[in-house]
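Contents: one structure, followed by commentary.
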Amino acid sequence: MKQSKLPMPLRGIIPPMVTPLVDRDTLDAAGLERLVEHLIDGGVHGIFILGTTGEAPSLSYRLRQDLIERVCRHVSGRVPVLVGVTDTSFVESVNLARHAAQAGAQAVVLSAPYYFPAGQPELLEYVQDIAGELPLPVFLYNMPSHTKLTFEPDTIRKALEIPNIVGLKDSSAQMIYFHKLRQLVADRRDFSLLVGPEELLGESVLLGGHGGVCGGANLFPRLYVDLYQAASAAQLDRIASLHARVMRLGETIYSVGQHRSAFIKGLKCGLSCLGICDDFMAEPFQRFGPDQRKQIQKYLADLGVSPSQRALQTAR
Amino acid sequence: MKQSKLPMPLRGIIPPMVTPLVDRDTLDAAGLERLVEHLIDGGVHGIFILGTTGEAPSLSYRLRQDLIERVCRHVSGRVPVLVGVTDTSFVESVNLARHAAQAGAQAVVLSAPYYFPAGQPELLEYVQDIAGELPLPVFLYNMPSHTKLTFEPDTIRKALEIPNIVGLKDSSAQMIYFHKLRQLVADRRDFSLLVGPEELLGESVLLGGHGGVCGGANLFPRLYVDLYQAASAAQLDRIASLHARVMRLGETIYSVGQHRSAFIKGLKCGLSCLGICDDFMAEPFQRFGPDQRKQIQKYLADLGVSPSQRALQTAR
Amino acid sequence: MKQSKLPMPLRGIIPPMVTPLVDRDTLDAAGLERLVEHLIDGGVHGIFILGTTGEAPSLSYRLRQDLIERVCRHVSGRVPVLVGVTDTSFVESVNLARHAAQAGAQAVVLSAPYYFPAGQPELLEYVQDIAGELPLPVFLYNMPSHTKLTFEPDTIRKALEIPNIVGLKDSSAQMIYFHKLRQLVADRRDFSLLVGPEELLGESVLLGGHGGVCGGANLFPRLYVDLYQAASAAQLDRIASLHARVMRLGETIYSVGQHRSAFIKGLKCGLSCLGICDDFMAEPFQRFGPDQRKQIQKYLADLGVSPSQRALQTAR
Amino acid sequence: MKQSKLPMPLRGIIPPMVTPLVDRDTLDAAGLERLVEHLIDGGVHGIFILGTTGEAPSLSYRLRQDLIERVCRHVSGRVPVLVGVTDTSFVESVNLARHAAQAGAQAVVLSAPYYFPAGQPELLEYVQDIAGELPLPVFLYNMPSHTKLTFEPDTIRKALEIPNIVGLKDSSAQMIYFHKLRQLVADRRDFSLLVGPEELLGESVLLGGHGGVCGGANLFPRLYVDLYQAASAAQLDRIASLHARVMRLGETIYSVGQHRSAFIKGLKCGLSCLGICDDFMAEPFQRFGPDQRKQIQKYLADLGVSPSQRALQTAR
């Protein structure tokens, strides 16, 4: 297999890929391949699997390993593959990372172990200990809404001394925090600072960030790649119109469900409507029912998006 | 192996057993047996393994299975064994529960999947779906500080219709919530309502609760059994003095560390000081260093507790 | 005017009186007198005005002073009157306290200034500074849900050295915290530890608390006085049945509204249905509309309570 | 007095002015005048008094009225004066607003009443009711960290129909929220959307906001005016260097204290070091002691700022 080299710093749009499933422990293998092609066709700069949008914590380890192998094989070095190895168990994180390395992934992504509320010194010691056991470059992942724990700037400052930590994805949606991190890594030319929430992609790139891990890029990879490029080129008018389009997704496709799962459910349902992959969701979530699906279809039509010919042959 | 029958309702003190480790992926097998004997000698009414105090989320699945087998074998039906199967992955929870059933455990304990913040209808649907796959009676476990999710009373009301749900452990420390649950299960004679925080054992039993899942019972099982019995018998003076002793643990042994891990670290260190088991902790935690250990030893001495003869043969 | 002496410690039921209004800046003077009589007839051990249930922060200072004068005059020493002086402004708190002293009140009640999130040393210094300016005995008031600030046990420990601090009302609903305070004041024979949430009255008195500042006692003073006495006498069966009645209020009268104001709105509406006083509410709240009022009337009927003959002559 | 007209929309830097005090109930009248001149000299586009940075909730009403009069008189129409009227009491808010109108202020600023946690419909009804009683144009003020209440976008959408609501200051530090508001007011040419946190001034103006209510502009008005102008002109390099300077204040002058009051304490101390006004703080805060003052002086020296000749004649 051709080996992709991880750019340093990694820049651009690296979608947190949804995990196509046909049931709670079986991948939608054909849908997975279509989704990977859809992303690469859209011009993305990398693919991040087994993140929050990928429902990683809800999947069995067997399935996670299966996914890693299939994605690495199918991507085949065309773009870097980043693999989420966040886990409450140190041992299981390391197991996943070794599997990712063997499969040919380019990096792993690591958040805080998310059950026990740890103190910052505990979190730092954890990162120091585990980084040494991870056989790939590491992106830290700040995701306090789900892990209950922020990587405080002072913890990041110390973690920057760990050799294989090469980037950070910030999903806190706190731009003041993001700016503090920017100041911290200002003289680390090889370090990649990525933003999670897609509504913040424009400003974070304008002000020195390297790109975004945007969930919406599963559906519309080109939109986010365009917005990234407009921001890189400081084209304010173009940013405004593309950003307005991103904001509209928040009011439409991501807002059909009532709970915080609405975002992932909307994405998966949209991908299914476009014929790209199945929308089965692992517990604790369930895919949308027919009424909600109709609403998503209507929103897609309003956005001028129609199912591709290779429509998913699913009657529902 | 003699089979213990699960009393309905389960009453009394069911310690959430710490998991004795010699390193992050190896049980302290001898210490584990000593700890089980220590608990049973102390008069406990059951043993709950793989809960929060047992560091379950930090352990590999291989080790969790090993622990289940060893505890079930060593307890050998003398008291019921309850096994925590809480997991972010439905599949892994079911795997653990099947393993527990095969090993001879009497029940499983299930909290909310703790990564994704789910809505109450999603949580209810999850519980309904998974309960049918669990081959043992189920205790629900309300633990919002770690799972980010409360089982709202209305969710519990509906979950009571699921046949194999036989009890609930509430670790919210919210007594108003606890009283609401009491009203809900008032006419369910076979349902066990247990309290987590040991500081609330007295009042919860006085007012109709069935017992406690008290972490401190790892160290001092008899103290909690005595307090449970005093509360069952409404002996207010005795409750006051035993409760004061429990409160003192909070100011001493549980308060040596700075972070929220202080409770488990103090328990494990105390057990090590008493020669019962090793105090190794799985990441993201680390056992206490020498200074903190000395402090724990001093507190134990103040409490009039000294190491048993069967001291742990560990030089540290 | 006959002067009531403040018992040390103050024990029993001290309702946080609602403030009867006819519009946003006018007292319902006749209703106020009926309400005071209703409470004293019900056997209460004191009256606390200008607390949260009294909507104090929503009232003009002019009206607060009017209320203090009228209540002190009408109570006329039959029970102690405690006056809430919590304010974001030190100067205004002191002004209110001086007014209360002149009007013949027995004590003031002081929470944290509730706009700025202060640190514990700042809070302690504030309490130390202001206590010296307050011309009456002071009850501290722990109300973190509204003030964003808890009086940490260590802050209380230091505040106990201030001579005119004679009690504390804890509305945190955290019984572990309450028990910590009990341990702190165990040797202060003259210090009164009161609980706010009425659902916790039984256990707090059983375990050493001195009574409750129960909002529901506005409507049903006798119920809470009875529960207090049952708890003082450790009559568990009687506690259980009275406590169940209190819990039922939470599911009925306090749950008609959708927001957190449902408690006060339900109380005021109930008092109006019983012909005791007007249910006008100061902004940001509004009294219940006709449908909700009907629901409250139905609940009152279910509880076997009917309007007294001295019904409020209001067509609504 | 010359009357300033309120620009529609109001654009630029409108510092939330600190309130110079010599003791808890007395203005530093000379310092106040020097501070107003310092701001106007710095090119600010308006002055906002009685906000959070102005310690408004900590001040007596008498002093607030005194401040309003003095500032309006001294500014004398050179820039618009906005007056904070946020209060827990509707009546007191209206009183302050009337006073502001009489004194010649151009607008009032209104946040949520901050004691009772209200629901969104209650908040909307409050705003609708009070706006009609306020005799000046109104800026809403989103400040959830202190009021416990966010103006949800849907509430804002409805509030936009109220005729005298002409702007909104968002101090939530949530840029996704800010972008939602931008979309909401996109077609309201006369509506001013201002950002509170100064670390977000650059991006908010780049992406369509109208300016900032930046606390740091008390000390360094020119810095913020320059940053505003750079952002208005989309000069990314200049934004980067000015923004870095703003970020440095956060690590220096605003971080001397330990608590959340560090920001205001640092500002007041800095102003005192520069000889502009006294640094007395109203309770619950206290000005910095000598060690912290020395630290502030050092930071000011590092920043190349030295006391003006018109130094405050205070020995401390």
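Labels for the chains are A, B, C and D, by order of writing; each one numbers its residues from 1.
Heads up, the rule we're going with is that a residue touches a chain if its C-beta (ideal position, glycine included) is under 8 Å from a C-beta of that chain, and two chains touch if they have at least 3 such contacts.
Only a predicted model underlies this, so the values are computations on that prediction, with no experimental measurement involved.
Engineer: Going by the contact rule set out at the top, which chains touch both subunit B and subunit D?
Structural biologist: Chains that touch both subunit B and subunit D, as defined above, are A, C.
Engineer: Could you label the subunit A-subunit B interface same or different, taking same to mean over half of its residue numbers are used by both chains?
Structural biologist: same
Engineer: By mean C-alpha coordinates, which chain is most distant from subunit D?
Structural biologist: B
Engineer: Could you state the distance in Å from the CA-based centre of subunit C to that of subunit D?
Structural biologist: Centres of subunit C and subunit D (C-alpha means) sit 36 Å apart.
Engineer: Any chance you could list the residues of subunit D touching two or more other chains?
Structural biologist: none
Engineer: Applying that definition of touch, give me each pair of chains that meets it.
Structural biologist: A-B, A-D, B-C, C-D
Engineer: Hey, which residues of subunit C end up touching subunit D in the complex?
Structural biologist: For subunit C paired with subunit D, touching residues are 24-25, 52, 55, 57-61, 63, 88-92, 95, 112-119, 121-123, 125-126, 129-130, 145-146, 148, 258-261, 282-286.
Engineer: Provide the residue numbers of subunit B that touch subunit C in the complex, in ascending order.
Structural biologist: 173-176, 179-180, 183, 197, 199-200, 202-203, 206-208, 234, 236, 239-240, 243-244, 247, 250
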